[in-house]
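In the two complexes below, chain A is the common chain; its partner is chain B in one and chain C in the other.
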Partner chain A sequence: MTTITQNNKSFFPSKFLQFYKDRTLLAILLSLFAVMFVYGIFFTDNYLTITNFKAIIRDAALYGIMAIGLTFVTLSGNFFLLSLKETASICGVTFAMGMATGFGSPDLVGNFLVSLLAALSVGVLSGVIQGYFVGMGGNPIVVTLGGAGILYGIGAWWSDNLVINFKRPHDAEWLGTGSFLGLPSITLAFILIAIAAELVLRHTNFGRKVYLVGANKAAGRATGHENFSMAIIVFTICSVCCAFVAVAFVAQMDSAQSNYFSAEFGSSGDMTILVIATVMVGGNSIMGGYGSTLRTSLGAIFIAMVDNMMVLQGFNSGPRIVGVGLMIVFSIIVFGLFAKGSRAQE
Partner chain B sequence: MENFIKKVTKDVDLSFAILLSFCVYVFFSLNIEIFFSHNISFAILERFAVLGLVGLALTICIIAGEIDLSIGSNAALCAVIVVKLTDPLGAPFAMLIGLSVSTLIGAIQGFVIAYIRIRAIVITVGTLMLLRGLALLIAEEKTVMLTDFRVPDFITTKVLMYFSPASLTVIFIFICVGIFMRYTKYGREIYAIGGARKEALTAGIPLRRPMVIAFALSGFCAGFAGTVIGLKSGTAQGLGLQYLLLAGTVAAFVGGVSILGGKGGVLGAAIGALTVNFLNTGLVFYALQVHFVQLFTSVLLVIVIVFQTMSRVFDSRQSRKSLLATIDERKTTLLEKKRTVLGK
Partner chain C sequence: MASDPVLKISNVSRTFGAIQALKEANFEINEGEIMGLVGENGAGKSTLVKIISGFDPGFKGSYQLNGKEVKFDTPSKAEESGIAIAQQELSLIPNMSVAENIFLTGAKVKKFATLNTLSKMARPYLDEVGLTDIDPSTRINLLSVGEQHLVEVARLISREAKILILDEPTAALGELESRRILEMVQRLAKNGKSIIYVSHRLDEIFKITKRITILRDGVSQGVQETKDIDVNKLVEIMLGRELANMFPSRADHISLVSKIEVKDLWPDGVLEPVSFSAYQGEILGLSGQLGSGAGEVLASIAGALKSRSGSLTLNGETFLPKSPSQAIKKKIAYCSSDRKKDGLFLGRPIFENLTSPALDTISKFGFNFGSTEDSYAKNLAQEFLIDVKRVYDESGLLSGGNQQKVALGKWLSIKPDVLLVNEPTRGVDVGAKSEIYQRMRELAARGITIIFASTDIQEITYLPDRVITFYRGMMIDEHRLEQIKTPVILKEITDPFNETSI
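After this line comes the complex of A and B, so read on.
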C-alpha cells in the first residue's frame, strides 16, 4: 500500500511537470491574455465593447489566415516564406484585374468566380514553383527572398504600379464587407479555416506526415515521405491562404495596388514579418515538428489584442512595433530555453 | 593552361562569380556608351561603399552557417542615430555612437544565438521588427534630417579620380576583414563553426566566441552602411533601408558563399557586390521603375542559386562516379592478382 502511494506521488508531479513543460508557452500566453484583459477593462476606455472585440478578431483574421497557412510550412521544417506579402499582392492584383478588366474579354468584367479562380491559381503556381526549388534542396529563406522580388516585380509590372479600381456594387462584396450571423465573413472564414487546419493536422494521414517530416527529415525519408513533395504541398497551402486573404482584402477595398501589403499594415508596417511573428508568438517550434494551428490562431488574436490596446491608449506606430518585436524575441528566447535539450529543438 | 583550369575548377563558385560580373559589365559597356568611363566608375565605387558592406556582413554570417535578417533594420537604426546626433554632437562623435550601438546589437544577437543554440533566422526575425520599432521610436515616426548639409562633405569629396573617403574606408575594412578571416585563429573558427559545426564543437572550439565575433562584425558592417547612406543623403527614416537585405543576400550569394556555411570569402563578397552594383548602375540608364530593379536583382539571385544547386548535384554525382571507378579498378586488380596466383 505504501509503495503504491509513493509511486503515485512521484508519478504525479513528473507527469504534471511534463504537461506543463510541453505547454509552457501556451500557459504563458494565456496568462498574458488574462493580464491584458484585466488591464484593458480597468484602464482603457471603450475596451469592453462588442464592437471592439469584433474589430480585434477581424484584425486577427487577416493575418491569422496567412499565419495558419504558414504554420504548415513551419511544422514541416521548412522555416518560413519571406514572400508572403508579395504573393498576396500579386494575387490581389490578379483579382482586381479580373474584376476591372476581365483579363481582356468584356464578358468577364466583374465576374467574381473567374477572378477568384485566377487569383487562387496564381497563388498555387507561385507556391508550387517556390516549393519545387525548396524541395530540390534550396534554402527556403533564400529561395523565397528571390521569389519575393520576382513576384513583386511581375505584379507591379502587370498593374503598371497603379491603383486598379473596380465598381462598387459587385459580386465579391459579401466577402469583403458582408457579414453573417453578426460576424464579418472574413472572421467566419478565419474560424472555419482554423478549425479545418487543426482537424487536418491532428486527424489525417497528411497532417501526421507534416509533423513527421518536420520533426525528423531522415526518418521521413526512411519511411518514404520525401521533403520534396511535402515542400511543394505545404508551400502551395500557404500561398493559397495568402491568395484568399488578398482577395478578401481587395474585395473590401474595391481596389488593388502591388504594394498594398508592403505599406503600413496593422501594427508592423510589414505583412510578412507580422505573419511570421504570429506563428512565433503562438509558440510553434520554428525548426518544425512541434506546434499547432491552434497556437497560431491564439497568437494572432493576442497580437491583435496588444495592438488594439496600444491604439486605444494612443501610442504611435514606433512603440507598437517595439511591443510586437519584444513579444517575438521574448517568446523565442523562452521557447529556446525551455526546449533546450528536449525533442522540440533542432 | 592546365594550371589555369586547375585554378578555375578549384573554386567553381568564385570563377562563376568573376564570369558573371564580367558578363554584366561587358553587357552594359556595349549597350551604354558612357558606362565605360571615369565618372561611372566613381559612381559604382560610391555604391560599393554601401552595398559591399552589406554583402560583407551577410557573407560573414553565412560563412558562420547562419543568416542575419535584421541587417536592414540595424542599418536603419544606425542611420537614424547618426543623422539625429550629428547636429548636437558633430559627425565623428555621432558616427562613433551609432557604430558602437550597431556592433553591440550584433554582439548581443550572436551571444543569444550561441547561448540558447537556436538558429539565427529565428531570432533575427524578432530583432528585425524590434530594431525597426526602435528606429521609428528614436526618429519619432518622422524623417530625420540634417540641418547643415555641408557636414557630410568630408566623406563624399573625390580623391584619386575614382575614390571618396567613404569608399576608401570600405576598401580598407574589406582588406582588414579579409586578413582577419583568412589568417587569424578567430577568423578560422568562424569558418569551422560554419562548415562543420558538430566537428568544430567536438574539437574544442567554443561556439560563443566565433558567433559573437561574426555577428558583431556583421552588425558593424551594417551600421557602417547605414551611416554612409544616412550622412550622404542627409536624411534617415525608421522604415527605410529594407531593400538592403535582398541586395546584400544577392551580393553574398553571387560571391560564392554556400548556405551550408564554411565556404566563400571576402574577395567573393567584393565581386558579388560589384556585380550587383554594375546591374543597378546599368539599369539606371534605362530609366526603369524601382520594381524592375528588384525584379532583375532577384533573377540574378535565382540564377546563382540554380547554378550552385546544379554544381552541388554535379559534384556529388562526380564524386560517386569516381568512387565507383576506384572500386572497379581495385576489383579488377584483385581479380588479376588472383588469376596470376592461380595461374602459377
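After this line comes the complex of A and C, so read on.
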C-alpha cells in the first residue's frame, strides 16, 4: 500500500502550490490596496477622512451587491448575465411606478412593500426565464444579450422614456438615504449580503454545487448535479440582486428612468461593464469553478477606491473609465498567469 | 553491436523544484530498431520523452545524436534533426483534410497549392503508414481515432523524421485498430526508422519491440533484450517488487439471485434492443471494441445516454432512468471511460470529488460544515489507497492511476447497489491497475453488482465472473466463468460472422 503512494508521487509539490497560489493572489490584491492607500494619503487632499472612506464603501456597495450576484453566475460556469443594467432598469421603473402611481390603484400609491415586492418579482421572473434558456443549453452571452434588449425595451415602453418622480417624504427614504449605526443602509446591506453569500458558497450544498458544476459541467451532470436547475437559480440570484440595487438607487434619487443605469452611474458610466469588471478584478475564474464572493467584494472596494482618488484628483469621467479598463486588463493578466501555474500537470 | 546507436542519452537527470524526476537515466536506440519504453506512471517516462523531443532543455547530462553532442532548445530544433513525437493527445485539426493536416507547417509546399496537389504529395506518406484506402482529401473528423493516429505519424514522416516517439498510441484504441498501429510500427522500422514505443500495454511491447528500456523512480533499470525476458520479470523490474497476481482470484460461488434485470434497452449505437441480467455480487464484463455498443449499454443503464425503449428492474422496482441523477437515486453508480471529460472535477480538491455524488447525505438541511465530509472523504481515500494527506489537493495534480481511483472511489459514497464501470483501467499503470481490480473484487464480495465494459482482452479474460460479447451494436454471446476463453472472445468481438474468410 505504501509503496504505491510513494511510486505515484507527483512532479509538483501540489499542496505548496495551492497554498502559494491562493496567498499570492490575495497578497497582490492587498498590496495594491496598500499602494493606493499610501498614494492617496500623500498625494490626494481630503483623502484620509472618515467621510471619504464611508463614501468609498457606499460607492462600492451598489455595484458590489450586483457583482456578488453575478459571481454566482460566473462561478457556476455560466459566464455572465449581460442584462445586468437592463434588469436593474426595469426593476427600478417598476418600483418607481409603484411608489408614484400604485400601479393604477390609488390605495397603493407610495406603498413601499408592494412596490418592493413588485420590483423583486420582476427580477425573479427575468432571472428564471433567462436561466431556463441557458439551462436548456442556450449560450449565456446570446440569451442574456437578447434578454437585455427585451427588458430595456419593456421598461422604456412602459415609462414612455419619462422620468418617474415620487416626492419626499416617502416610505423608502430609509433605504435610499437613511443610515443605521452611522452607516448608510445600502452599505450595511452590502456587508450583510457579502457575508451571507460567502457563507452560502462555503457551507451549503448549493454553494458546493456551484463550484462543482462550474469546474466541469459534464462531470456535474454525471454526479447528479445538472446545470439546468443551477442556471435558473444563479440567474435568479443575480437578477434579484440587480432588483434590490435598483430599488435602493431609485429610493435615493426619488425618481426612475429606464436609462438610469446606462449613464451617470459610478465611474464607468455603464453599470454592466462596471459589475463585470468588479468580478474580474476580484480574480474569479471566467471559466467558473474557482473564486469567491469575498474576492468580488474586495474587487468592488478596490475599484471604488481608485475611482474615488481619481475624482479627488479632478479627473473627469473619461480617464476614470480608462482606469477601470486598465484594472480589468491587469487583473486578467495577473490571475491568468497564476491560474496556469497550478494546473501544470493536468 | 554492429553499429553505434543513432541516439544516446547518458547520465541524464532532471529536477523540478525539490523533486527529482530523472536521476542518472540512460537511453539509446539503434537505426531501424523498435525500443520499448516502460515504467509506472510517474517513473519519468514522460520527462525522458520530453527531453528527447526537445520540449525540456533544462536537464543535466549528455545527449548524443549520431555520435555528436547536441542540445535542442525547442521541439522544432529537434524536429529539424529528425526527431519527432506523436503525442497521446493528437494535434490534428479536425475539420481540415488529411492532406492539409500532413502539410500543416507548409514546409516543402508551394505558395499556392490546390488540395489536389497536396493530396498527390500526401499519398506516399499515407501508403507508408498503411492508410492505402484513405482519400487524402477526407476531413480528419470523418476518420476513426486509430486512423487519425496513423495520419499523425504520416505527418511526422513527411518531415523526414528518422527517430519517432510514439507515446501510448493505442491507449484509446480497440483491438483491431491497435493491430494497425503495430503493423505500421513494424513497417516503419523495416524502412530504417528508429521507433521509441511508450506503452502501458505490455503485450504490445512484447509483440513488437527488440529491446526494452525500463524506468523506475527516475532511474533506468538497464536495457533488456525482449526475447530474454517475460512479462512477470518485466513487471518485477518496473515495480521493484513482485506483482504476485495482477488479477484477484474469483469468488467461490456467486449467488444466482438476479440483482438487476435489463430489458429491451436500446440506446443509440446499438442495433437491436438488449436484455440481460446481473447477479448479486458478481462482476459482469461487457466485451467489445470501440463502437460495439458495450459502452453505450452501460451509459444508458446509468441514464447518461438516452434509450429508445426498455426498462430496468432493481430491488423490485421497474424504471428507466432519464438522467444520471435519477439513476443515482436508485443506487446505480456509473464511472465513465473518460475521466477528464466527465469523471473528475480536475480543478477542485480531491475530497470534493470524492463526496460529489453524495452531497445530500453528508449535509444536514443543506448545510455542510466540513467535519462529516472530512471523515467521509478520508475513509473513501483510505479504502481506495489514495494518500489521505493529499485529499485537499487539486485532483488534476494526481497521476493517471490515482485520478482513476478517485473517479471510481467517489461512487462508493452513495453506497451503490449496482456499479457500472466503462474502461476501468484506461491509461493506468500496472500497479494501480491491479489495485483497481482488487478493489472491484472486494466490492463485489460485499454484494455490489459490478458491470464493466472493456476493450482490453486481458481484463475481460481474467477479471469478470461472466462475459457478454458485443460486435457492431449487437449482443453476440454470453460466457459463464468456465467458458471464458481468450480466443473465443477475441473471435466474437472482431469477426463473429466469419466475414473475413468470405
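Side notes on the structure shown:
Everything below uses one rule, namely that the second predicted complex is superposed on the first by the 321 of 346 C-alpha atoms of A that agree within 3 Å, B and C clash if a C-alpha of one lies under 4 Å from a C-alpha of the other, contacts with A are read in each partner's own complex, and residues count from 1 in each chain.
The definition used in the following text is that contacts are C-beta pairs under 8 Å (C-beta built on N, C-alpha and C of every residue); 3 or more make two chains touch, one makes a residue touch a chain.
Computed from a predicted structure; not experimentally measured.
Of the two partner chains, chain C is the only one touched by A:Ala222; chain B is not.
When the two complexes are overlaid on their common chain A, residue A:Tyr290 makes contact with chain C while staying clear of chain B.
By the document's definition of touching, neither partner reaches A:Lys167: not chain B, not chain C.
With both complexes superposed, B is the one of chain B and chain C in contact with more chain A residues. Contacts of A:Thr204 after superposition: chain C is touched, whereas chain B is not reached. Across the superposed pair, chain B and chain C both touch chain A at residues 345-346.
Partner chain A is touched in their complex by these residues of chain B: 67, 69, 112, 116-119, 121-123, 125-134, 136-137, 139-141, 238-239, 242, 245-246, 249-250, 253, 259, 289, 291-292, 294-299, 301-302, 305, 309, 312.
Here chain C touches chain A in the complex through residues 16-19, 21, 40-43, 47, 217, 239-241, 304, 323-325, 328-329, 334, 336, 340-348, 352, 356-357, 359-360, 363, 366-370, 385-387, 390, 392-394, 396-399, 401-402, 410, 431-432, 435, going by the rule given at the top. Across the complex, chain A meets chain B through its residues 79-80, 133, 136-139, 141-143, 145-150, 152-154, 156-157, 161, 258, 264, 268-270, 273, 276-277, 280, 286-287, 316-326, 328-329, 332-333, 336-337, 340, 345-346.
If you check the complex, the residues on chain A that touch chain C are 1, 3-5, 7-15, 17-18, 203-206, 208-209, 211-212, 215-216, 218-226, 289-290, 342-343, 345-346.
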